[in-house]
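Common to both upcoming complexes is chain A, partnered first by chain B, then by chain C.
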Partner chain A sequence: MSQTTGTLLSPPPVTGGSRRKGRLPRWAAWAVFGTALVLVAGIGLPAGLALALVVLFTGVLGTLALYVLSRVTENRRTATDRLVTCVVVGAFALAMVPLLSLVYEVVSRGIGRLDGEFFNSSLVGVIGEGGGAYHAIFGTLIITGLTALISVPIGLLTAIYLVEYGSGRLKKVITFLVDVMTGIPSIVAGLFAYALFAIFFGPGVRLGIAGAVALSVLMTPVFVRSAEEVLKLVPNELREAAYALGVPKWRTVVKIVLPTAVAGLGTGVTLAVARVIGETAPLLVTVGITNATNLNPFDGRMATLPVYAFYQLTQPGVPPEFAIDRAWTAALLLIALVMALNVVARLISRFFAPTTGR
Partner chain B sequence: MAKRIDISDLNIYYGDFRAVADVTVSIEPRSVTALIGPSGCGKSTFLRSINRMHEVLPGARVEGKVSMDGQDLYGPDVDPVDVRRQIGMVFQRPNPFPTMSIYDNVAAGIRLNARKMKKSDLDALVERSLQGANLWREVRDRLNRPASGLSGGQQQRLCIARAIAVEPDVLLMDEPASALDPISTLAIEDLMTEMKERFTIVIVTHNMQQAARVSEQTGFFNLSAAGQPGRLIEFNSTEKIFSNPDEKATEDYISGRFG
Partner chain C sequence: MTTTNAPQTQPPRAVRRLGDRLFAGSARGAGVLILLVLAGVAAFLVIDAVPALVAPAREVPGGRGVLPYVGPLLFGTVLAAAIALVVATPLGVAIALFLTHYAPRRLATGLAYVVDLLAAIPSIVYGFWGIVWLAPRLVPFYRWTEAHLGFLPFFAGPASVTGKTMFTAGLVLAVMVLPIITAISREVFAQVPTLHREAALALGATRWEMIRMAVLPYGRSGIIGGAMLGLGRALGETLAIALVLSVSAGTVTFNLISSTNPSTIAANIALQFPESSGIDVNTLIASGLALFLVTLAVNVIARAVVNRRADFSGAN
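Entry: the complex of A and B
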């Protein structure tokens, strides 16, 4: 008995060759892919193969070669492991291609006009060179801010109802409608808001607030969903602890549930804002575009970054290159805004999360 | 402060399922009453129905009569929120509010109910409650630190302090020590012995030594088969239950010859 235990616990005997033999050195994978690259490039490039295809073929050839090599020298399990590793890394690289190429393209084309004038001036009296997006930047901030102002209370109250109070059929119907709303095409939301405001102000109405209403149709369901998930994460034990102290339900929700969930709710708001800040179609039909600065969302057309980029690109004027440059810079700014919002969401969830020791 | 609880013909339901049937029992003031029995026999459900915490679950309801010093707790004009202010509860898992400091946790019952209190009075109440829960000496110099930084046993004593800060008449404890190590368990048992001077205490426990150590009265719950409602098989003085119980089932359970 004790002998068996001893054998089980002692490490397997290391007999130099027999274990080392079935194992490729660390640099083997790099070597295989390097050789594949040299081979493909050596044969392909003189024959006029595109660079993208060279990379693709290198990946495929290298993966196959590594698998065969590993299968011959190592065992089957290791070979499968290497194959799957290659496929996973390849899939990741493939997914990164559009992202990197998009960021590269927008940054390289947009960075040129990212100057003081772009932030300081509107397009009033600008023909050709110069001009900026001052009016569009503030338009976007104002309209998105109004959108959040409309959507967050509605969304939060809906989520509270669904998680804390709702039951039975009404809850199911609301959940279903929220799901349906999530799928509404953005242009439909824009047309809805336009039709709504046309009832009061007549056809052809263009108002910043109409754009905010259109965007909140898109933002509300997104926020309801995330807020619902966050509220569900609040442990039921905390609600019970509050009830057991004789705290009424509404006060439990306000004082216990919401503070516990505040980090997640903040993240939800920022991500929902990021979702709608780049919408173009609804703003096109509800807010329109203007060259002058209009910071009053209740009075006429306003400029917004996505619509600004759209018009600068489609109606650049003569000569076109300056307007097209401005369009790229507006696109760059929009991406930067969304990225900044994501960072803010991260920070919120880090700093407001309740400290759970232990 | 401590009050007596009389329960008669209590039936407790989850939807259509009857979880506990026909409980009639009187719980004496200024004493510890222990409830023992196998898992799923309805001890916790019974406990939660005393302070009307049972009904916060969807579909849960209660039939029968629960009265505290003659006042019917399930009467038509009784607000369950008021009942819970008079009958406090400590749960199995320590559940301090994670967003609050130690001080705020103890003051939670006052603050959350928006009761106005002078700062000095509140300070005194917090100190008194923490002393009552035997935690004051350990936390007095870090009252403003988050409660989640305490150990499990300290968190549970914090929950007890939070429960007694609202000055209830009765304290219900649902396996308060089952998630704790023996030292913390001992601390909480000592605490119960001290607290029974002021409160009526009802404790659910799986630990029979604990029931024997801390309680004056013991009730044994059992269910005849899975799917059947749990019943109160025997209710007697703890001494009698553990030495010479009236019922065969009680003796089998206590001596480990169960099932």
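Entry: the complex of A and C
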């Protein structure tokens, strides 16, 4: 350009004149995408283009235009940089599409039946309108509670072993296999529990407790991992101080380490429960479904919310619309439960975290 | 007397008592129990699969024995998972880059939490979403691909009118494994030493050149490990596939947009198990055993890759 002063003091341009060219102003990107939007919307909307496609084409057109513009006025390297920025931001925007559309669909379709009857009645004698998921809600709560009852002690003891006692080969093997276990398909856990209980109760067994065992196979490794991380965070000085006072190791763990880590452990339990509460496949093969209220996990089939939603949607009966509505409300309830558990987990870690103030 | 010269490396030791032994014993017992459960999963599946393996081929569903029954299912499982990975891996890496290197520092934590929410949504809800939202929206796309790309075997058609195709199922799986790949890649990208990045920038690299030279090589094993963990999840996914895929038994085809598709192992178990009895159950468990072995292998390799990076990264 018109660079007349300071040419002697500034270093000479090295990379083939890349510095002599200008830089696009900050608003250039916005301007390019704005123009692209106006163009696509102006041509596309009258021609009956869907709104989603307008956004998509705007993104593609804007990105290409910005790349060409930068290539002309700036240089190749900056142009590539801008192209990648557009792609990366676009990828994030693309990932938000399923989340937003999913939440919108579930809320708008499920909100209609979110009434008192849904929480108060089961499906006994219900054909068509009405009916609820009372039996399924309590079934889910009971089975998930049992799962936590099995998984938390085992998981906590394992984490204590790995952090406080474990050494050498056994520790390495357990750590690795716990990691591997987090990847077991949920349906395989269900088949395992079915096979285990079929030995005692004969083939075709359906029990609430079998579902709890299946879910425990999924929940325990998740909880072990988080509990291990939390216990590792407890400062070693606390343990050493206890030892120096002559406190036995097991009392140190119970009285010093666990109370210090209790907030993190609470968060870990809550997130692990959130992980298994929406599991459908293992319950489908171990617990089955029923229309009546059965709150005894040691006596036959129970209803659970995810399985209830599955059967209401896939086998709605005649007329189908009422059962399908119930299925969506059950799905909404599931999402709400999982989100609530996630929020609770965050609150626990925020409000019960140990004060390290000094 | 001689304690003043005790070696400093000795960890502090408490006195061993009965309580200690009990507590240590139960802690070790819990750890061993986990190993036993994993072994038990394999053992029980094998025990219950054997009757199907030794039964005459005519009695197995499909009438041609276990292997011809499981084969197409395994093919469908791998095909759906492959589509999911092809879509989700680049997307997940790009999102991880966005969260670690592009998004404003203040927003990044919140946005990362939003991506993690994708992992919290139960798989059956993804199935619901796939049926009513995704599948109908893809039907015009399938018609278009059949008309214009029909010469490729993937898009041979005839295009499904419901959208319940293998491609749809793969996309739903992609959404489900996206948070896994993103989370692992993000973790690795955030650990890239600041010195590496600053050195690249100081040499005059643009942001993308810095990422290509410093971040991606450092994070490669994290990306691979994350993709393999996503693969493990995609292989075992059940209800979402059972809902969004319209299947016909025994099909083996690369045609992604028609309404005749191979089922997957997990979805097939979920759909058939409740109404099965006798040798049918054993056959389903045999297919479950195949799924277990495949996912186990994938997870073992993935964890080995991820852990190997942790050993050499120098970040800890």
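Simple rule for what comes next: the second predicted complex is superposed on the first by the 287 of 358 C-alpha atoms of A that agree within 3 Å, B and C clash if a C-alpha of one lies under 4 Å from a C-alpha of the other, contacts with A are read in each partner's own complex, and residues count from 1 in each chain.
Quick note on the criterion: contacts are C-beta pairs under 8 Å (C-beta built on N, C-alpha and C of every residue); 3 or more make two chains touch, one makes a residue touch a chain.
All values derive from a computational prediction rather than experimental measurement.
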Could you look at A:Pro98 and tell me whether it touches chain B, chain C, both or neither (first, second, both, neither)? second
On the A-aligned overlay, A:Arg251 touches which partner chain: chain B = first, chain C = second, or both, or neither? both
Comparing chain C with chain B, which touches more residues belonging to chain A? C
Scan A:Glu237 for contacts with chain B and chain C and give back first, second, both or neither. first
First, second, both or neither for A:Thr329, with chain B first and chain C second: neither
Identify the partner contact of A:Thr58: answer first if only chain B is touched, second if only chain C is, both if each is, neither if none is. neither
Identify the residues of chain A that lie in both the chain B contact region and the chain C contact region. 239-240, 243-244, 246-248, 251-252
Of chain C, residues touching chain A in the complex: 12-15, 17, 19-20, 22-24, 26-35, 37-38, 40-41, 44-45, 47-48, 90-91, 94-95, 97-99, 102-103, 111, 114-115, 117-118, 120-126, 128-129, 132-134, 137, 175, 178, 182, 206-209, 211, 229, 232-233, 235-239, 243, 266, 269-270, 273-274, 277-278, 281, 284-285, 288, 291-292, 295-296, 298-300, 302-303, 307
If you look only at chain A, which of its residues touch chain C in the complex? 52, 77-78, 80-81, 84-85, 87-89, 91-92, 94-96, 98-99, 101-102, 105-106, 109, 153-158, 160-162, 164-166, 170, 173-174, 176-181, 183-189, 191-192, 195-196, 198, 203-204, 217, 220-221, 224, 239-240, 243-244, 246-254, 274-275, 277-281, 284-285, 288, 306, 309-310, 313-314, 327-328, 331, 334-335, 338-339, 342
Residue positions on chain B within touch of chain A in the complex are 51, 53, 56, 58, 81-86, 88-89, 91, 93, 95-99, 108-109, 111-114, 146, 148-152, 159, 162-163, 166
Touching residues of chain A toward chain B in the complex: what are they? 167, 235, 237-248, 251-252, 255-256, 259-260, 262, 354-358
